[in-house]
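By written order: A, B, C and D. Residues from 1 in each chain.
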Amino acid sequence: MARITMREAISQALWEEMERDQSVFILGEEVGVWGGTYAVTKGFYDHFGPDRVRDTPIAEAAIVGAAIGAALTGLRPVAELMTINFAFSAMEHIVNEAAKLHYMFGGQFILPLVIRAVGGGGRQLGATHSQTPDAVFAHFPGLKVVAPGTPEDAKGLLKAAIRCDDPVLFIEHATLYQVRADVPDGDYTVPIGESKIQRPGRDVTIVTYSKMLEISTKAADQLAKDGVEAEIIDLRTLRPLDMGPVIQSFKKTNRAVIVEEGWRSYGVGSEVAARIYEQAFDYIDAPIQRVAQKEVPLPYNRTLEQLALPQVEDVVKAVKEVL
Amino acid sequence: MARITMREAISQALWEEMERDQSVFILGEEVGVWGGTYAVTKGFYDHFGPDRVRDTPIAEAAIVGAAIGAALTGLRPVAELMTINFAFSAMEHIVNEAAKLHYMFGGQFILPLVIRAVGGGGRQLGATHSQTPDAVFAHFPGLKVVAPGTPEDAKGLLKAAIRCDDPVLFIEHATLYQVRADVPDGDYTVPIGESKIQRPGRDVTIVTYSKMLEISTKAADQLAKDGVEAEIIDLRTLRPLDMGPVIQSFKKTNRAVIVEEGWRSYGVGSEVAARIYEQAFDYIDAPIQRVAQKEVPLPYNRTLEQLALPQVEDVVKAVKEVL
Amino acid sequence: MEKSEYLELYRQMVVIRLVEEQSAQLYQQGKIGGFLHLYIGQEAVSTGLISLRQPQDRVITAYRDHGVAINCGISAREVLAELMGKATGSSKGKGGSMHLADVTKNFWGGHAIVGAHLPIAAGLALGDQYQKNDGITICMFGDGATNIGYFHEALNLSKVWTLPVLWVCENNQYGMGTSVERASAVPEMRLKADGYGIPNSRADGMDIMAVREATKEAIESVRGGKGPYFLEIITYRFRGHSMGDPERYRQSDEVKKWQENDPIGIYRRYLVEHKIIPENELNTIDEKSEKEVLEAVQLAEADPEPAADELFEHVYVEG
Amino acid sequence: MEKSEYLELYRQMVVIRLVEEQSAQLYQQGKIGGFLHLYIGQEAVSTGLISLRQPQDRVITAYRDHGVAINCGISAREVLAELMGKATGSSKGKGGSMHLADVTKNFWGGHAIVGAHLPIAAGLALGDQYQKNDGITICMFGDGATNIGYFHEALNLSKVWTLPVLWVCENNQYGMGTSVERASAVPEMRLKADGYGIPNSRADGMDIMAVREATKEAIESVRGGKGPYFLEIITYRFRGHSMGDPERYRQSDEVKKWQENDPIGIYRRYLVEHKIIPENELNTIDEKSEKEVLEAVQLAEADPEPAADELFEHVYVEG
């Protein structure tokens, strides 16, 4: 066990996989000389060289498109989109090419591709740079969408993604990079498509992922003071979505709150809620609550931005609603 | 009252608005000389001329981007994307520019823009050309998303969209253009953001929109033979989403089936279901059923494609589940 | 060039023409669905181009891909089977006309979103460069595709990274109903290559010998490690953009004028006049090819549809 | 040019410099959040450029927009207020540093997605052309922005439709940490304009007089109805890309070399040597501007935050 930050966990996963497998390489804006806008690939350029750590022009469609092509030749590219907001500039290649090629051509080739993108709000970057559009990408069959909330999961899931023969969108969160936690020593992977109980409890089920795991945990701490034991399920993967642990927990607590950072409408919470109702209808004691971002483009002003983002108090309040 | 096709209804709305208001103009691929790939703008080029019916290069980002700019100067552009699948090539400008500019700049200008795009499957166009990604666009605050299912609504909603000072994505369905129905004479609009009872009934509430209204109506006809009276609510607008008639109906029937053409996960049905549970929890007699597209990229082969798309029988079966 | 090679080029062009004519009929009979884009009139382009590629060279193109598929070695039967959505099709009936491919023959498809395959082509070339293979990537696209952003990002990247890719623009004068001058800032597509400092040239696509000559030079440049090369080939599609095109955008005599330069007729005359192949041998090829293609149609028609559970196959490799 | 005009140019450059230095401090004090991109070193570009626009001419730029905003007539206080997210900011505190705008002054922002504002600029020009206004659109962007697809689609469209738009590329040698030669197929951005048949020229962005000369010619061409024009202006940012840039990608002596060509210093010497304005008058402007900007900082700091209910304002105009 080593106590490291999320940034270090992701950086280690990339580093170790590149050491392990020559076919793994990185391409993206500022991943090389700069060392990564969020310093995730710091030191990579000097160690692995310009062929395996490739700075690109500002051309998101070309970054993802070229990664797709390289993957078709048997390589395992890790394409970095500086932020997930720029994924809209590569939308065609993510949802219409990467997600469909394997199926559309009758499975005659594989597409072992990882697209890393950091998302989330809370840093006053304004409406175009602060989004959490995870549900949008998770809507497309053929793509796998992963969004870890802890350093341990981040490292294990990224390694799994790089070794996976399917295209994986790996979503990081800018305000989680500094989070520190224990990570197993040596090489390990965390399976894609498995939700996990991050905190056991008996009174209410909180379903969340990524940054909101942190918020939900703080809320659970507060609730614990009032004797409420919340069980927190971390989805970790949005597609394929693993409802197993969620349903299991819900059948025990009969109450659920879903916490996501993105907008409520057509978001992650709606899908999870709909599935809980479908799969555990007879266990419901109270309407499931969804905590999500207010439905506005995220404003720059700090106070307004925080008003729009889900806060610990919102989660606590939602839990009290369902109790 | 005149009995016209959906194509004629949309064409009339465009024609009449262009006659009424010089600031309205059309731009897009093949809208002019060709007369529109789906013949919606046939005859427009000769009548209104090349300045108001503008053929563009194949450059979706430029089509939507230029329309945004023109709207900022006080015009009311109607940008046509040949199909909604190409909207991914203009994603940045639809969800990150059009949807946000008014808010992000403190409301100092308006953005009266309409983006027309035809979607849907069922014509063996293959995975990249057959999508119904409506929920993806409806996820973004700042954008209005409309998807009519009848000629009357299509004409009235398109006129409302053109007169609206907000950006509106107007989604048509390729296999509905031939549908014929009565349309009121003269000038009229249908308000954006209002759902509607398209068929009254007392036993079950079917919530749907666009092409699936047709499928749901056929299912309702079948069910009627077995004495089951389904009430069909047509959402018509996906954002802002009007739950009023849905909840009203549900409080009467206590049973609901949501029918959408797109993929189930993170789709329209999940949002509608989640809201029904939130707003009418005490009225639920059976788990709400969702009928949607199988979660695969749509295959070319006709049999497989039809297997993937929601069929009348699927709706009938789902209704019987909830009864 | 060996006589057999001359013959093979002729045979391929004839087979493509026949397959396209059969496809048109099958479409009218409702046996082919979706969009159908015929290659009739452009046969000399891909036939000349691909006749010069090495086995290790990758080929990728747009949705007007039947001819390219045949030149790459996919049988007429597999092509027709895919067009009819059969399990024996090159994409198992899941891709259809716009998505033919056979990677065992280094043909990477068949792509339906205009210009979107250009960045992917850059990636194919990157893969070979990274693995130090000596193969190059030949990427074909239309004149209309040069106006979309993907074209720009791919060409710029190919130059910055000196990628072994041959960009081939099939300029058939129109993108659907929009003529080049109504959609493009410059009249010659090759001029766009100058904006990236990419060497380029232009060839007559109705004359397969001219196509081959230009291609030789282009491929040498790319394989020689000089990075990307841009080849514009002037051609014309004799039929509509796809089946059911009203063709309001062009005059029938313009079409007639071009049809007089039928690439197959031109090549046929060339072979006879230069005494490379006597007329009767060509006639034999015509007859054999016709028989062969009609057989392929029958076989493909008789081929099985994919099984229902194929619907859920190949969404993912794992899980 | 009148003496007063010379003075005004000098004053604007000095004010921009001071506002940027103050912003840097406010950022360090945590009073400004998000990303902050300083214009220090590039003042002569927008000051010279915009000094020649007519009131009916629209201006639009990227996120490095403080200088442009001031040149367009937004007060230092409004700029600083927006940077601090105050209700009195030009975008009511909702846009921040990257989204300054004031359409009453025909300044259309301030756009944070690289290159995405170019198609919008084409649309602004289309709007004027459609309405037969004689205004033109001046669209500024960086060297890095020329590699994204939006650039390509916008430039092509502007030429095909002969739009009254002046494309101005501020080539400050880097896109974040990536130098031009590592990201662009061609070393001069103006060469890309050749690929669209768009007339173009190049100017020294450290010399405001050179900027004005080149701009005059460019604007005349566009206003003359000749369609788009591409102006590349060579400049350099003295500070990091944004606050907190480790600057591993360039040597400090490269920065020093450029700082010796401080655009304000160059212009100052020019004014004195050509006896256009005596040193002491320039000193007075320096002092007045400093006082003015410090005042603006105080006022902006004291300005109110937007009310909480502003959060839900302006999502839509209707409903």
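Everything below uses one rule, namely that contacts are C-beta pairs under 8 Å (C-beta built on N, C-alpha and C of every residue); 3 or more make two chains touch, one makes a residue touch a chain.
If you're wondering where the values come from, they're calculated on a predicted model, not measured in any experiment.
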| item | value |
| --- | --- |
| Any chain in contact with subunit C as well as subunit D | A, B |
| Farthest chain (mean CA position) relative to subunit A | C |
| Inter-chain centre distance, subunit B versus subunit D - centres from mean C-alpha coordinates, in Å | 40 |
| CA centroid of subunit B to CA centroid of subunit C, Å | 36 |
| Separation of mean Cα positions, subunit B and subunit A [Å, integer] | 30 |
| Two or more partner chains touched - positions in subunit B | 56-57, 59, 61, 85, 89, 92, 96-97, 103-104, 126-128, 141-142, 295-297, 299 |
| Subunit C: positions in contact with at least two other chains | 91, 93-95, 99, 113, 116, 147-150, 152-153, 156, 160, 182-184, 315 |
| Category of the chain touch graph - line, ring, star, complete, other | complete |
| In the complex with subunit C, residue positions of subunit A that touch it | 25, 51, 54, 56-57, 59, 61-62, 64-75, 77, 92-93, 96-97, 102-110, 141-142, 144, 164-166, 192-193, 240 |
| Sites on subunit C touched by subunit B in the complex | 33-35, 85-86, 91, 93-96, 98-99, 112-116, 144-145, 147-150, 175-178, 182-184, 246, 248-249, 305-306, 308, 310-312, 315 |
| Subunit D contact footprint on subunit A (complex, rising order) | 29-30, 33-35, 37, 55-61, 85-86, 89, 123-129, 294-297, 299-304, 307-308 |
| Residue ranges of subunit D touching subunit B (in the complex, touch as defined) | 89-95, 99, 101-104, 108-110, 113, 116, 118-128, 130-131, 149-150, 152-154, 156-157, 160-161, 313-319 |
| Contact set on subunit D toward subunit C in their complex | 147-153, 155-156, 159-160, 182-186, 191-198 |
